[in-house]
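First chain written, first letter: the chains are A, B, C and D, and each begins at residue 1.
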């Protein structure tokens, strides 16, 4: 199965988990030629197909046969992540409710301690570490995220961050790894929110 | 796929999310000739088929080959929405639990601020707006809703409203848009209810 | 589709909703000859098939080709319901968590007011009624239930009851009606539990 | 269907319930020759296939054609359970959130009383018993679990235990029984957590 097909399937699966209500969220990957593909905006994710990815350049502009399509404004966040973390091959964005709920309680970061599943973050070897995941404020201005992500680059060691009352970005060197990071964060946020409430 | 088929599929999907327990809810659309079709009443929504829509006139009466069928009393709410908002093509009614729970706490409206997903409501461009969704009291009398909806027409700018301890109506210029409005409202109500509790 | 097939499918669907964890629950129906069939005990409900019903007599004993099988002790509750409410054709038993949770809070009954979905109970015409659903204590002794059900027969007007920290029985003149009663009660209990907590 | 196939299917089903996020969890069984098979580590459980089991010896080392594969460190817990409870044929490990949440509240054990579903634990005949399920602290050191499990062997009468902020182990003389134990524990933990919160 091509990466186009695999990610389209993940997108439909995540939709069925309620992670992309109301046409929200976006996804991208780099193919074997380092060409970036991003999900078209405004598609109902329950019906997302492998043909619904479009080619973009590193500035987030649609290119070649897709030149007349306008990618979502958030495409620039994807481009920036690829630039800041060049090993990244896949970026997943989710509106799953658990990190969103956590972001209404926590300020600039959320911390987790003692959960076995923390080892789902690449590089983590034990549940004894304290994991700190950055929470950014939301904005409709992409330069805000650019500034914020670069300023906080050293905090992005767990390959994900939360945008307040908005959702989650997670990435990896493969689809497999990106999924693991996204699912790990969602699970930890669900635990923490239910423990607090 | 015809609109009949598409909406029947959405009805089955929403049932599997728990949005139409116990044969509840109803759905309607206008076809390309502006003929209104409404879901037959008393059907288990897990098995709803495209043949289960019936033709009605603008007074909510079954017509032509369906003349002997009695549509649900709430059909009049559909008719009124088509009259008040003539661009409307699809109306979805849900018994999803989140707006129902919110309606046990809030009085005449529920407000949302700062959620990215607010942009799911047609016309909303930023999470910074305050969104206000009307909550009507429930009634078995359709004239009550007629009076209430007309009286509060100016509050219906987000293409949906909640009936207390009953459910949600959402509509749009297309199935796509109506779904987006309904799912956006449900998601926001879930967030708000879990934040409050 | 035969009633055997239809109910087997409902059993599998309810299992996927989490209503029959760990091989629990049981189901019965009367066929067109008034023969009672009950689900075999100890079957994983995710795999329940139409062949997994066995014939019983009115004392709850397996008969004919099934005579060597031992039905679940709770079969006697089914028999009693058929006796007390002779119109009954289908009886569904669920371990869905919502009524179980309500039964840890409420004493001898749970009441609901003002919910549109109350009309899911046959005979209810308005949300304005107060609905009272009996809660029985649990017991491993079937004579206890026999005494209790007969003593409280006049309270069973909504075609269902809850057994404390155990589950729900709901019945109807058809599968359609029995499902509607069970789903209505579950939904109402979910609302009430989340409102209280 | 072979046991390989059956357990692979259970693994995929449990994944869809959210019990193995982010490639977590592991599973094992003994075949008719008493050969132990364990799930390969690092596989996305939504795609787990019957070929993804590997043969291990009683020390948890991969053998024969699998000799070059490294099983998960937790394989030693499986081996120990087979040794301590020789009748065991199937061991299931889950990261389902309910026991994890309970383990953040309770200290060395969680108790349940009065739930009908307690009879899901082999040997339990009535809801009137008090069920005590051990909670172990988490560790990355397998000798810790070895010591702890042997020390607390007499408490493992319900064929399962919880590891704090980690997950659940449950086992049985068959897949059927192991599933019943795991699902019973999850259900009880969900009830208790929601009752407390």
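One rule holds for everything that comes next: a residue touches a chain if its C-beta (ideal position, glycine included) is under 8 Å from a C-beta of that chain, and two chains touch if they have at least 3 such contacts.
Not measured: the values here are computed from a predicted model.
Minimum number of contact steps separating chain A from chain C: 2. Under half of the residue numbers at the interface between copies chain B and chain C are found on both sides, making the touching surfaces mostly different.
One finds 44 Å separating the Cα centroids of chain B and chain D. Between the Cα centres of chain A and chain B there is a gap of 31 Å. Counting partner chains per residue, chain D shows two or more touched chains at residues 197.
Under the stated contact rule, the graph of chain-to-chain touches is a ring, a single cycle where every chain has exactly two partners. Chain A makes touch with chain B in their complex at residues 18, 21-24, 44, 46, 95, 97, 100-101, 104, 138, 140, 163-167, 193, 197. On the side of chain D, the complex with chain C involves touching residues 13, 114-117, 120, 125-128, 176, 179-181, 183-184, 186-187, 190-191, 194-195, 197.
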